[in-house]
Each structure stands twice: as structure tokens, then as C-alpha cells.
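Down below are the structures I want you to see.
Two complexes are shown next, each including chain A; its partner changes from chain B in the first to chain C in the second.
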Partner chain A sequence: MSNPRVAIFDFACCEGCQLQVVNLEEDILSLIALVDPVEWREAMSDHSDSYDIAIIEGSITRPEDVDRLKTIRERAKILIALGACATMGGINKLKNNFDLKEVRQAVYGAAAGMAHLNTEPTRALDEIVKVDFKVHGCPIDNRELGAIIRCLIMGKTPVIPTYPVCVECKKNEVVCRYEFNEICLGPVTRAGCGARCPSRGFWCFGCRGYAEEPNVAAASDVMDHYGKTVEDLKSRLTLFVGQQEFPP
Partner chain B sequence: MTEKSNTLNIEVHHVTRIEGHGNIVVRAKDGVVEKVEWQVPEAPRFFEAMVRGRSWEDIQTIVSRICGICSVSHSLAAIKAIENAMGIQVSQQTDRLRILSHYAEYMESHILHAGYLVAPDLLGQKSVVPLAASHPDLVKTVIGLHRLGNEWMELLAGRMTHPVTFKPGGFSSLPSEAQLRDLQQRLVAGLPELEKLAQAVLSLADRLPAFTRDTEYIGLVDGQSYTFYHGAIGSTDGKETVPVRQFESVVNEYVSPQSTAKWAKWHRDSYAVGALARFNLNAAYLRPQAAKAAKAFGLKPKNCNPYFNTVAQLVESFQIVEHALEIIDAVLAAGVKSETPKVAPKAGEGTGAVEAPRGTLFHRYAFDEKGICLKANLCIPTNQNHANIQKDFEAFVPQIISRDPQEVRLLLEMLVRAYDPCVSCSTHFLDVKFV
Partner chain C sequence: MGVVTVDLKMLNVWVEGLIRGGRVFGVQAKNNRFQFAPLLMAANLRLDYDVTVIPPKKYMQPAREDLLTFEGAAGFETCLDQEPFILIGVHPYDVAAIAQMDAVFSGDNVDVHYMTRRKQATVVACDVQAASANVFAGCMGTATVDKGFDILLTRVGDHYVVDSRTHKGEVILGNLVKAPKADAVSLARREQVWEDNRKYLRKHELRMAPETLPTLLEASCDHPVWEEKSQRCFSCGSCNMVCPTCYCFDVRDDVRWDLKGGARVRDWDGCMLRDFATVAGGHNFRKNRADRYRHRYYRKGKYMPAKIGHISCVGCGRCISACVTKIANPVEVYNRLLEVR
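Right, the complex of A and B next:
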């Protein structure tokens, strides 16, 4: 059996998740032995229109991006969304909370009317095409990406935690950020990061998206116990997992 | 790319092995250059608009996402601006540990650029992948140094990309003295590896094109050190320095008659920032091994060959390791003290600047009395370099126009890569022109 052909693409993003692929360091060499990398603009000058697995970082913000994404979907057998921008729109969705005309004006001033500065409400990949697997996080955890690719090659379904970050904090014996009078999104955010931020004294800002079945009642109890409100929680939720209304 | 009789057309759509998207367009007829353009079609993301209405506590978490490669620089510039706006003083320990964290990003970023993005050009390959087979020792050295930079960053900043430990006022968690001692040992062990990489690049240095164009170089200066973090804005064109709060008077964004892209200029039509600029301004303050590396390459200020930016990055890699060892000594001598940042928000406007690996980075924010962000203005290194890349193209293309089109294309791609552009960062501020 020949190695699957893998291509990596990006849309609007910081390219930090692709950097996590480079950050696999020596493990890249063992992954390259399992796959045939055919296109990756950030790291390679090679180009190909023929691939089995497409890995895509970034969110969709322009009409021309929609066409390009659809083309990639048609060509790929498996499409993997890499990181928060691709899986849920990520930080780029903050923009959707504003009137987009005004957003252009604020950044580009008098030049805001120019056609190439057009921008649409930010969308995640699965708001446009079918996504087969999501690698969560901002940035992704590259060990999780390695495990997912190895699972796919072996024909297994990768297992991604459905429980919230609080579970990992408890496991790591990390003191709850609410004890420090902070708003932490751990109770509603999907685990799998090893509670990396709370473990280093910083609140969870929800970069892996909502846990599949967040215990809303328990989260509400936590809010009550520490004298916080759901509004407090929502203010931080909009950073990565906000359910912003799209303007008409 | 097509070549018909005596017409030359080069269109490189999305230059590879750079961060972000850029195009090169060259048209020539009968050996006369008709059009030379460096274009940027990156999707704008509007960060300056997005941070409005957000709490001062969330700003660095948001703006870190401007760039995956220089997320530490963006976080630090934002935090310095917030502290400036709210009159927050930090401890000497915080200052030292921030500089130590910042250097981790330099290690990761410079090695990534020299090892993964530039080395394939020098060895005639399209990526680092074939080098793993043809030059396994070199690739092993590059990966080892890259890993060192990342583990260093993970220790100080909490993870490899998008730091979590930085807060206005200090750190959310501190490394232990034992961890710092361990890092120090690994940095000492890293120096011979850096030497191996420098030797490998030195043996290929004759493949760096001999192109020079007299250029103004701009960067932070403090008159006493090779600074990446403190200081005022200096230029190779004049002795006067400008405080960072007046950065607009340096960057002077303008619209060129031949392009709609906003460019930056100070004393001339364009200027350059980055490793070569810092070297040209601050080479006198290099530590011994860094100075030795510069000497080995024949790199002396003022060097005006943009391809030598990669060499300056290697020199800086020695500099940061040597200075990091001194910082760790100082932190250990004082003992790591537990500190909890306690900050009350305040209304005000503030500016912060750091040298990002790609050049001087400016952040400015205004806050209301609750610490809600009212306004932001961010000025990015690559944005400041775009005009200079264009000016280099205009000077270099006529010199090489009679060469094989493939070679012209490669030389121009290498020129863009030499600047180590970070296009995702820069486009939030650029007026972009499509073909």
C-alpha cells in the first residue's frame, strides 16, 4: 500500500497550528515516513492537485476563499480542520460582533472602500463543506495531531475527549482559578489540552470549543458559589467560542 | 512562468516557505524592465477593530493570535503598552524573565528561518524534507536547536506558541530555580550546536547573492546594549533617537504613486527593520561568540546586502544564548521570588515596543476607567519592510534581467525569504493590490 498523499493549506489565520507541525521536531521524520507530503506552502516549494488527506488551518472570510475550500474538498478523500480558526472560526469570529463596514473603516480608514479589502462574516470550515476530523485548540496540541494521523492511517477512529477541562485540572491537582476570583471557562470547554493554561496559573479561555455535553447546572453552581454571573462567563466566551449573531 | 522571444514574464503566485501569502510580478521586454512588483494578497483579519470593547485582561490573549511565529513579541508589546497606559511598574525579576522568554522566541524563529526556510535554497532543494536524507547531520542540528528554543519557551511562557504566563504586572507562574539551572545547562550545550549550524551556512555563504543597495536601517537602541526589548527608535541615517510613544513620526505610512500598498518611510523612501538592521545599529554591543560569528562571515556594520539578514539572525542566535546565560545567573543570584501581579485598571493611553524577530513592533491602546479597550493601533515589522522589498526588487531586477528566467525567479524568491516576512501579521494594516 502506498503512503497517503497529504497536503496542508491555510486560510485566514496566524499559521501557528502549522508551526505546531514543525514543532513535532524529530517526530516529523517518523510521520513523513508514514505519509507522502505533496504540498505545504509554508515549508515546501512543491505543489500538487492530487492528495488523499487535506489538512486545513484558518477560517473563511472572503468569497474567493469559499471557492478554494470547495475545490480542496472535492480533491481530498479526508479533510481535517486544523485548529480553532478552522474548527469554529476562532479569534477571527470576534469581528462578527461588529458592523463589518465599520470594521473596515476602523482599520483601513479612507481606503476602506477598496474591493480587495472586502470581508465577510468569519466562518468555520464546516459551515461551508463537510469536515471529517477536527483538531481542536489555539494552537493545536501537536501530539494529538500525530495521534489522529496515525489513527487514520491504521483505519481507526481517533478518540477526542468530550468532557470539560475541569476534569484535567482535578487530575493534575491544579487549584481552581475561581479560588483566585477569576473567570475560567474550564467548566464548559472541551478537554484534551491537559489543562495547560490553568496548570500555569492562567484561566482557560475556551480555545478548544464547548465540551460535547457541558454540565451547565454544575457550571451555574460554580458561578453562584464564587459570586459570578453567567454574563461574566459570556463576556469571556465570545473570545473563542462565542455564538455571535451574523449581521444581515 | 513563460518566456516568449525577448519578453520575460515572471508571476510567482504565493511565494513558498514564507509566513503568509505574497506574489512576485516581473515583466520585461528586450531587456528593459517594465514592471516589478511585490504584492500581498493575504486575507485581512482586522485585529485593531476586534480588540475594541475587550477587557485589558484579554488583550494579549487576543493579539498573540496575530502571528503564530512571533506570538511572544506581540504579547510582550501589548503588555508593555497596557502597563504604560495604566502606570504599572514591574519588578526587575519580571523584566529579566520577560527578556529571557523573548529570547526563546528568537531561538525558535531564527532557527526556523535559517534551517527550514533558507537552507533548502542554499542546497538547491525545494524543502527541508529531502535534506533529511542528503544532509542528516545538519537537519539533526537544526531540529535540536529548534527543540531547544521551543522547550525554553514552554518553560517560561507556558507553551510553545501563544504564551499563557504573561500578564500585565508580571507572570502567572514562574520557573523554579532548578528548572532555570537545567535550562542554563542546555543552553551551554546548545552553543556548539549553533557553531555547527553557523559553519554549515558559512560553507554555503558564497551562494548568497552579492547584491547591495544603500538602505536606511531602523531598530530599538539604548546606547549600551544589543537591545531587543528596551530603548528608543534609532536609525543608521542619523544619531537622533525617537521615543517609542512617537512611533508614528518614524513609520510615516504613505501611498506610493506606483502602488496602492501603504508603505513606511523615515528619512528616505523606504527603510528596513529586522536582524540586519539591529546588527547595523548595535553590533558594537555583541557578546564574544556572537561577535566571533559575525567576523567569520565578514559581517560588519553597515552591511547593505539584504540576503545577509539570515547571517545576522545566526549572529543574534549566539547573542541571545550568551545573554540568556547571564540573565539566568542574575536571576539565580537574586533568588526566584514568588510574585502575584496585582493590577487595578485605569483609564489611559499607552505604547509598547519590542524588537520582534522580524523587526520593530509597536502596539498602542487606549482604555477607559474600567480597562475596556477603546482604540488600538498596531504597527508590524513586515509592514515596515514591504516598501524596502519593492525598492530592492527595482534595483536588483535590472542587474539580473538577462539571466535565465528560472534563476531570476529563484533570486527574487530568495530575496523575499531573506526578509523573513510575516505576512499574516502585516496585512491588517496594508492596502493590498491584486494583479
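Right, the complex of A and C next:
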């Protein structure tokens, strides 16, 4: 059996998740032993239109992105969304809170009117095409990506946590941020990061998106108890999940 | 086996000796809270603690452990942790919980991973000196214990009463065998500590005898409290993870890059998590939050007593503190069941 052909693409993003792939270091050799990379702008000069697995980083923010994404979807047997921008729109979705003309003006100033700087509301990949697997996080955890790829090659369904970050806090014996009267998004955020932020004394920013069936109403109900307001909570939700769409 | 008294200095010297002799885990301060951790010097031991974030169950059933490693066709090897260790400062309610876990993991299919660690453990218990914010062990009959430990330490004034009850306890007594026998006054003061702890470790008051819980629950399946409280539940499992009598786990295979070798791993799972009861084919037999919420209280108050003969809540109060939305208090829920609907 020949190795699956893998292509990595990027849309609007900081390329930090691809960098995490590069950061696999010696494991990258193990990865390349299992797959044939045929296109990967950040790491190689080859180009190909024929691949089995497409790994896509970034969100869709321009009209021309939509066609490119659809073409990739047609060519790939399996499509993997890599990182928060691809899985839920990520930081790029902050722009959807504003008028697009103002956004263009603020970013490009006098050049804002130029045609190639056209922009549209940010969308995650699955708002346009079918996504088979999501590698969550900003940035992604490259060990999780490795595990997902190994599962796919073995024909197993990768297990991605559906529960909140709190589980991992407890496993690490972390004292909860709420015990310091701080708002943390962990109770509504998908685990899988190993509670990286709370374990180092920071509240959870929600970069892996909502857990399955997040109880956001419960989070706002409890703000009073910690001397906070629903507005405080909303201001934290804005960064990642504020604009997150739920699959139907 | 004797009951002796030692002063604080002598106790320190004894603990230092234990540390030199092998693996010792003791209660220490961390981030304004307490936790069991490897003890490097006696001075770090905080027997005056109120409660630890995670119970000592983590030494018998770690949050994550390899059950076995495999090498493709070469077969597999079971992983067993055989190194002896000493736990110092286990509160009575946690001693009671360990006894329950022993019953669980040695019953039905014996769990060799748990039991191997358990056999290597020497438990030095310590009577509670400071009540935590939410402890209610006094209501659950676990404020004091009479068995389940190897040595019991009780602070009376400026010294400790040291009570060794087992062979394992004797083995680590060392120098303490030469300590003076506890006199009548010290023993009477220890009785007083026990009486006080039974009386005062009740930050929440259960308005029923714990033995009546199975009957009460029997009739409470459709009580409105389940739906009501669970509306504020995150299904975050914090109440499960911190509980000394929650032992559920998940098992997975982690395969290495060569796709041949790897490890079979188990880690903590919890019945409050959305997919805890998801089975093959994607069916989830407790898909509603309220069903999961109710299950936790039924398990503690009804299913476990039927299985091991004890209510599976020892009143440590950890779940009450850990729940961000403040809905995980077993006392509050069980008391509610007494009210007219």
C-alpha cells in the first residue's frame, strides 16, 4: 500500500499552526515515513493537484477563497481543518463585529479601495464545505495532530474530547481560577490542550472553541456569585467563540 | 502494637527518617491550597491542612496510567507499579474512601494495577485539625476512623498521639517504638478530638441518617430538583474528578509512529461528562444533562450501597468547592428530596 498523499494549504491565518507541524522536529521524519507530502508552501517548493488528505489552515475572508476551498474539497478524500481559524473562524472573526468598510479603512488606509483588498465576513471552513476532522486550538497541539493522522492511517476514528477543559485542570490538580474570583472560559471550552493556560495561572481563552453542548447560560447565571457581570463574560467570549456558529 | 506520644521535634525526626528510607508523599501547601505531593523534607509537611484539592486516590489510581505496553506481534507487557510508598496525613474521610475503593477494585474483576499499588501503600492517617469550608464528614460517619490505616496521628496540644495498628505500621515506626506510651490524659484528649470532629465537621447538615438514602432515592426519580439544578450544570465533571469515591475511567490505545508499538492507557472519566455513556453506534443512554446530574446522586446514595454496603460519599466537601456554578452539594440535593415537591 502506498502512503497517502498529503497537501497542506493556508488561507487567512498567521501560519502558526503550520509552524507547529514543523515544530514536530524529529517526529516530522516519522510523519513523512507515513505520508507523502505533495504540497506544503511553508516547508517545500513542490506543487500538486492530486492528493488524498488536505490539511487546511486559516479562515475564509475573501470571495476568491471560496472557490479555491471548494476545489480543494473536490480533490481531497479527507479534509482536515487545522487550528482555530479553520475550525471556527478564530481571531479573524473579530472583524465580523464591525462594519466591513470601516475594517478595510482601518487596516489599509488610503489603499482600502483597491480591488484585491476586497473582504467579506470571516467564515470557518465548515460554513462552506464539509470538514471531516478538526484539529482545534490556537495554535494546535502537534501531538494531537500526530495522533489524529496515525488514527486515519490505521483506519481508526480519532478521539477528540467533547468535554470541557475543567477535566484536565482537575487531572493536573490545578486550583480553579474561579477560586481567585477570575472568569475562566474552561467550563464551556473543549478540552484537549491539557489545560495549558489554567495550569500556568491564566484563565482559559477558549481557543479550542466550545465543548459539545456548552452551557453558556449557566456561565452567565454564575457571574453574580463571583462579583462579575454578564458583560465581563461576553468581553472574554468575544476573542474566540463570540461568533462561533454551531453546526445544525 | 502500642499507642505512644511524641513531641513535634521527634515527629519531624521520624518523618525525615521515612523520607531517607523511600518514597514518601505528604500534604503540602500550594497556591493557597493543599495537595499531596512528594515530600522532600519534614518541614514541608502540613498536618494542619484543611483539605487537599485532589484526594490521595491519585496514588492508587493516577489520572493517567499505562496499563500495558505492546510491540505488535511481539506481544504485550502489563505495567505494574511495585515500588513501596508511604502516604502521610490522610484525613479520616479519605481513609474511609480508600477502603471503599479497595472493595470496588478487589471485587468482581480484580484490578491488578490498583491492587498492586494499594498493597505497596502504607497509610499514615491524621485526624483533622482544621475544618475546610465545605466538609460534612460529621454527617456521614467519616469524621473519625477506626480502621483502614496503618498509623493514626492525632494532635493533642503540643504533641501527637501515634497509634500503629498494622504490621506495615510497625515496620515504619522505627525510633518511635522507644517513645513513651500514651498516658490516660493524652488518650482522653484524643477522645475529645474525635468527639469534637464528629460534632464540628458539619459545614452542611444532612437532615437524615445516611442509611436512609437508598429508600429516599428509590422514591425520588422524578423529583423536580434534577431538572432544576442541572440547568446550571456545565457537564464539566469537576465534581467527579475531585471525588475520592469516583473511580470511573476510560481506556484507549496510544499507537506510536511506527504503527506497531504503543501503550494501552487509562485515564479518569466521569459520569457527568456528556459522552460518558456514549456506546458503539453513537448511542448515548444518558444524553440529557438532568439524567447525568441525577445519576451522580443515585450512584453515591443508592447504587454503591447496594454494591459495597456503604454510601459512596464521605463528606469531604471537595465537589462543593470545585463546582463553579455551586450546584454539586450532595447535602443540599439530598435535603431537597425531603421537601414536598
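We take it that the second predicted complex is superposed on the first by the 234 of 248 C-alpha atoms of A that agree within 3 Å, B and C clash if a C-alpha of one lies under 4 Å from a C-alpha of the other, contacts with A are read in each partner's own complex, and residues count from 1 in each chain.
The criterion applied here is as follows: contacts are C-beta pairs under 8 Å (C-beta built on N, C-alpha and C of every residue); 3 or more make two chains touch, one makes a residue touch a chain.
Note that this is a predicted model, so its numbers are computed, not measured.
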**Prompt:** Which holds for A:231: it touches chain B only (first), chain C only (second), both, or neither?
**Reply:** neither
**Message:** Once chain A of both complexes is superposed, is A:12 in touch with chain B (first), chain C (second), both, or neither?
**Reply:** first
**Asked** Which partner does A:221 reach: the first (chain B), the second (chain C), both, or neither?
**Response** second
**Item:** chain C versus chain B, contacts on chain A by residue
**Value:** B
**Request:** Could you tell me if A:94 is touching chain B, chain C, both of them or neither one (first, second, both, neither)?
**Result:** first
**Touch list for chain C against partner chain A, complex** = 30-33, 35, 53-54, 58, 63-64, 231-238, 241-242, 252, 254-255, 257-259, 267-268, 270, 273-275, 289, 321-322, 324-326
**Fill in**
As the complex stands, chain B meets chain A at residues 14, 16-21, 41, 43-46, 48-50, 52-55, 58, 61-62, 65-69, 71, 112, 116-117, 120, 126-129, 132, 143, 146-147, 150, 158-162, 164-165, 167, 171-173, 260, 262, 424, 428-429, 431-434
**Message:** Quick check on the complex: what are the chain A residues that touch chain B?
**Reply:** 11-20, 22-23, 25-26, 28-29, 32, 37, 40-46, 58, 61-62, 65, 90-92, 94-95, 97-98, 102-104, 106-108, 111, 114, 116-117, 119, 138-139, 196-197, 200-202, 205, 235-236, 239
**Item:** Residues on chain A engaged by chain C in the complex (per definition of touch)
**Value:** 27, 30-31, 33-34, 146-147, 150, 153-154, 159, 162-164, 166-167, 169-176, 178-179, 186-188, 211-215, 217-219, 221-222, 225
